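As structure tokens, here come the structures.
Look at the two complexes coming up: chain A is in both, with chain B in one and chain C in the other.
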Partner chain A sequence: MQRLELGETRSHPPAQAGAERAAPAAQPLLTVRDLSIAFRHRDGEVAITRDVSFDILPGERVGLVGESGCGKTVTGLSLLRLLPKRSVRLRGQLLFDGQDLIRLSPRQLRAVRGRDISMIFQEPMTALDPVFTIGEQLSETLRAHFDISRKEARERAVEALAEVGIPAPGRRYHDYPHQFSGGMRQRVMIAMALICRPRLVIADEPTTALDVTVQAQIIDLLCRLSEETGTALLFITHDLGVVAETCSRMLTMYAGEVVEDAPTDAVLRKPKHPYTSDLLRSLPSLSPRGAPLPSIPGRVPAPDQMPSGCRFYDRCAYAMAACKGAQPMQAVAPGRLVRCWRAHQLDLPGAVN
Partner chain B sequence: MLTRKKLGMIASRLLQALPIAVLATFVVYSLMQLIPGDIAVTLAGENASDERIAEIRELYGLNQPFLVQYGSWLWNAVQGDLGVSLLTREPVAETIARTYPTTLLIVAYAIVLSVVIGVPLGILAASRPGSLLDSGIMSIASLGVTVPNFWFGMILALWLALGLNLFPATGFASPGDGLGTALWYATLPALALCTNGIAEVSRQLRSSLVEIQSSQFVRTLHAKGLSPASILWKHGLKNVGVNLLTVISLLFNKTLAATVVVEAVFAIPGIGSAIVNAVLQGDFPVVQGAVLAMVATVIVVNLVTDVLYTVLDPRIEQA
Partner chain C sequence: MSVQQIAAQVTASAAPLVSVEDLRIHFATRDRQTVKAVDGVSFAILPGETFGIIGESGSGKTTLGRALVGLVPPTAGRIRYGGEDLRSLPRRRLRQLRRDYQIIFQDPHAALNPRMTILQSVQEPLEIMREGTPASRRRAALEALERAGLGPQLAERYPHQLSGGQKQRVNIARVLTLRPKFIVCDEVVAALDVSIRGAILNLFAELQQEFGITYAFITHDISVVSHISDRVAVMYLGQLMELGPTAAVTSRPLHPYTAALLSAEPQPLPSDMRTEKRRIQLAGEIPSPLAPPSGCRFRTRCPAARPQCAEQAPAWRELTPGHWVACHFATPAGAVLETDHAMTTTANAEERT
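Moving on, here comes the complex of A and B:
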């Protein structure tokens, strides 16, 4: 119910729904617990993310935001274990449907990929196989998971192309990726991600590589289709505007850690982590005209030089000596978690005042 | 529409090939002039008088200027007359028809062996890049590139033919006399010729496959839940098809050139031997005809390759 309301009135702040939802009513669809990702190299390991934990409810839309290099994309890829096996070590739990995705055999994992959880990538130009028709790439996804005839798969694929708004889908079924524009290719990717009616779609910056003029169309399409099919969405993006418009909950990542997990509306009004606050204030559209654009001083510490305490310490305007101690996630309100011990003392500026 | 476009491409490529063929025969003709020895002396026989030799030069037009000689050869060749051998009086067209199928059989056999052995090796190596298996296969492949055909041919003849008596050491059966026998005779020369091929096919296939495995679209295929087998055999191989085709096409041309030496090692009456004999004796109509036949073959192979490119990769437009 809430989902429908959300999609049809996108201009309204969507997060009242999220605030209600924050009460732990439904069983989560996906539970990520203490996910740590490390890249192996010759002399050992470099930790990329540490103890990432969050839940996604059925049909929920969650935004995962943060600067480039904060571990968003790697976290998204790790949910389907798409990172190179040889060089990456995953620890923690990825509970989906009562099974831990980290412990699945390759065969069991393949049954989940594309069927229950699917993924949309950033680059529609390179994400499709250039030497097969898009129709074949759509119907092979179906045939990998369902025992159906080629003819039936083709019919379903043509329907899927029509659903994502590709004109003359019956004819374009036989076209190759290079014969489509970037926006149309991303529509094909969406059709491919949704063709098996998955319960969760991970969209990794699905509009970053597209023209501004089609970005809104693609996001609308993605939201509309995920609503119609009841699919949950994990929206990985650095575009806070998109999260504000489409997601009921926002996860902020910094330097490989989730630093804030809150309903979108609440976090836009009153962020509890200084980093989230700085991120919101860096939005060009929010700064006063003519004034210099606010930015966050300094840079993200290198993965092998992470401080043991708060990772934002060097760049934080509110840092104190006690910030050098370990910072666990703590609840500051129902459904709101923050990785900052001063969260209850600070009154931080948000995007909406 | 598409077929018309393709036919247009084939026609234009053939037109472009004509000057190449003419130039190749001209270069060969010029080089023949540099070879010491005078066929007129050979033809006149031992102890012939100077008058007799001059007479023979006159008879065959050997006393005419170089360009005139070449011009008249070209004029006849354009009309379909490749002339006759100066030594045996056999029409050159017949010499080609007699010797060329033998050579083509060996070359085709060597190419098939290269692909049949090289492709699985390349796939094996690419399936675990950086592993012991990979480096083992690639070291052997590097060796295969550097081993000279004629030397390997002699080793094979010593071991498999003279040592184990598995194959005939020399000689040949024409494909016309039964394909089985012809293949049996062709095995050793083909083995000698295919070492480079196996090495190049496996190395090229490995590097293209490794590159493709780390590409974005393969990640998409994994995310869709396809099996590694389907990703490799369906998507991987079609994507490396163009590279593989290029390798095979180049390999064909190289192998065709290499037969000249290998035929000499195994005493096979192919077109390579015909060229070697004709060059040694200055029998230029045979050399010219045989070279023209080989040039034409290479042109056709390249053309077929270009047409196949457009089949394998939809992004390649026929120009």
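Moving on, here comes the complex of A and C:
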């Protein structure tokens, strides 16, 4: 693969494929500490997430899973500070490479966005601008960050298109988004996200709008490119199968909190939080055919009626009086954190039984 | 497919509830082209069974579903209900018959009128049928809501005050009031979170046992369809590729497309438990139904395509009892997944897209 040689303008050298990831106890690339996101409205504030904390190592692929409304998308958007400033209040720290993204000026942010951290959205059609060719949009990204000529940007854009498997990239460079199919558009989004060789890509449900055979292509492409370029990936999805196939670590979110943070294989085998366990058990592929499917009773509490203790209390089969107290994240094994005080006592079913 | 073949397909069991004979549904586009959404499909649905229809977007599965309840007129071929062709019936008889054949849509919110209360929506079918008195209709509606798992306290609410799962229950209650024999379920759980999907699928299964309802279950989700269906039909570009008992189709698919679909489904299992044969990678995406490929429609993406596939459309044949396939090379042992010169087709998959 061609490596960008733009040392002059690059503030950080491109991650060496594999090298940084292999190093034990590498410094995290991103550290999210006690991130709380609140939406302001006329009569006050609604807290959307509370004290979200996690790390992403260089080159690591982390899955952020949860159901609709759990706060996974706003968490992803907040990392790029893409939430509207007037109506959203961010608290906590977003340490990327030592600098706190929350404290950056708009100018400093622009230098980070698309360059060090980029994003792939669920709907490529709404994320791409319909009135510019995809080639223009790709080279614009490059020229915004690097002092290079149009011709050079064009060449690199064509290379990037070839890299994500777009046939006849030189010709497709001049096409508009509507001339691409859904899967091809998502490939363009991936090319755009990776063209500046960022160190972190946030992918928000990148395959949800795609058919399963195309999803398989895109997942494989994302994994391959992340391995080749050493780019870390935060994979936001509701699909546990996708996480199992792409990520080495899985963060489970429920009602605005991370409730479990564990290596993917470990959590699939033995989840430690009752919500993670219930989520796994409700997958139809893991139940015998025709048998009643497990499901989680009740619904997520409304954001303005969040209990102060465990937020899963009302729906949890293992709830006890003490669950009404505050539930901090606690370590249950090396590299495993759970927001449940009963984690040590419970033996919960996972995807494998 | 001949009438004899259809008769063979339902092998001496009960007369089919719905039989589809060489159904074609074509739409004209603005520039005078023809979209062949459904193009020569034959099958029979037996009373009391759940008939799964699986396919990717653009396969024509939704059009087929709408045709099954008479919402789209066939361009050619016919659909018979208990032996009767709806189009040959007088208006009054059509109205009577039609209430037995109902459909539930994917988006539970869009299917409800936002300005009507839940009770009004659920009563409406009975009002249209002019059945009973206002009091009896109200009673029937409340009963149906109760049966769908919704208490009377929700009856006076509006759709926006309900969760997605509750709204889908309202849609179910709504068709229940008419006591249908047959319900087409078009992606009914696709819009719901995993944790409540199970509860809704269980409800469908219970209603089937209680009222003997027959379902045509249309979905893109293999795990859902294989969980609830007795038989599965696999659709691609307006035609059936395979049809058979669910266990046979999912464990020993006869068509390469079915095999590819099954292997593309991400498995929520730890890495050491996922099947290694993993992924028959399909090249590209579903071609445009405006210009479907000659011969076998799947050949442009098929890992086992040979010259014959472009020249000749494969016959629809019954390879093992009740298990039908449209592929020249399928054997009772399973799908053929490689050509004689397999390397050229699979290795060049990317370029061919």
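Definition applied: the second predicted complex is superposed on the first by the 329 of 353 C-alpha atoms of A that agree within 3 Å, B and C clash if a C-alpha of one lies under 4 Å from a C-alpha of the other, contacts with A are read in each partner's own complex, and residues count from 1 in each chain.
Everything below uses one rule, namely that a contact is a pair of C-beta atoms (placed from the backbone, for glycine too) under 8 Å apart; a residue touches a chain by one contact, two chains touch by 3 or more.
None of the values given here were measured: they were computed from a predicted structure.
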(request) After aligning the two structures on chain A, examine chain B and chain C and state clash or fit. (result) fit
(request) Please indicate which partner A:123 is in contact with in the superposed arrangement: first for chain B, second for chain C, both, or neither. (result) first
(request) Return first, second, both or neither, reflecting whether A:33 touches chain B, chain C, both chains, or no partner chain. (result) neither
(message) Quick check on the superposed pair: does A:131 touch chain B, chain C, both, or neither? Answer first, second, both or neither.
(response) first
(message) With both complexes overlaid on chain A, does A:113 touch chain B (first), chain C (second), both or neither?
(response) first
(request) State whether A:280 touches chain B only (first), chain C only (second), both chains, or neither. (result) second
(message) Is A:213 touching anything from chain B or chain C once the two structures are fitted on A? First, second, both or neither.
(response) second
(request) Please work out whether A:224 is in contact with chain B alone, chain C alone, both, or neither, and reply first, second, both or neither. (result) neither
(request) Between chain B and chain C, report the minimum C-alpha distance in the superposition, expressed in whole angstrom. (result) 10
(message) Output the chain A positions appearing in both contact lists, the one against chain B and the one against chain C.
(response) none
(message) Considering only the defined contacts, which chain C positions touch chain A in the complex?
(response) 56-57, 163-165, 193-199, 201-202, 205, 220-224, 226-228, 246-247, 260-261, 263-274, 279, 281-282, 284-286, 301, 350-351, 353
(message) Help me check something: in the complex, which residues belonging to chain B touch chain A?
(response) 215-217, 219-228, 230, 235, 238-239, 241, 312-315
(message) Applying the document's contact rule, which stretches of chain A touch chain C when the two form their complex?
(response) 67-68, 165, 167, 181-184, 211-217, 219-220, 238-245, 264-265, 268-269, 278-280, 282-287, 289-290, 292-297, 299, 351-352
(message) Touching residues of chain A toward chain B in the complex: what are they?
(response) 80, 82, 106, 110-115, 118-119, 121, 123, 126-132, 140-141, 144-145, 176, 178, 189, 192
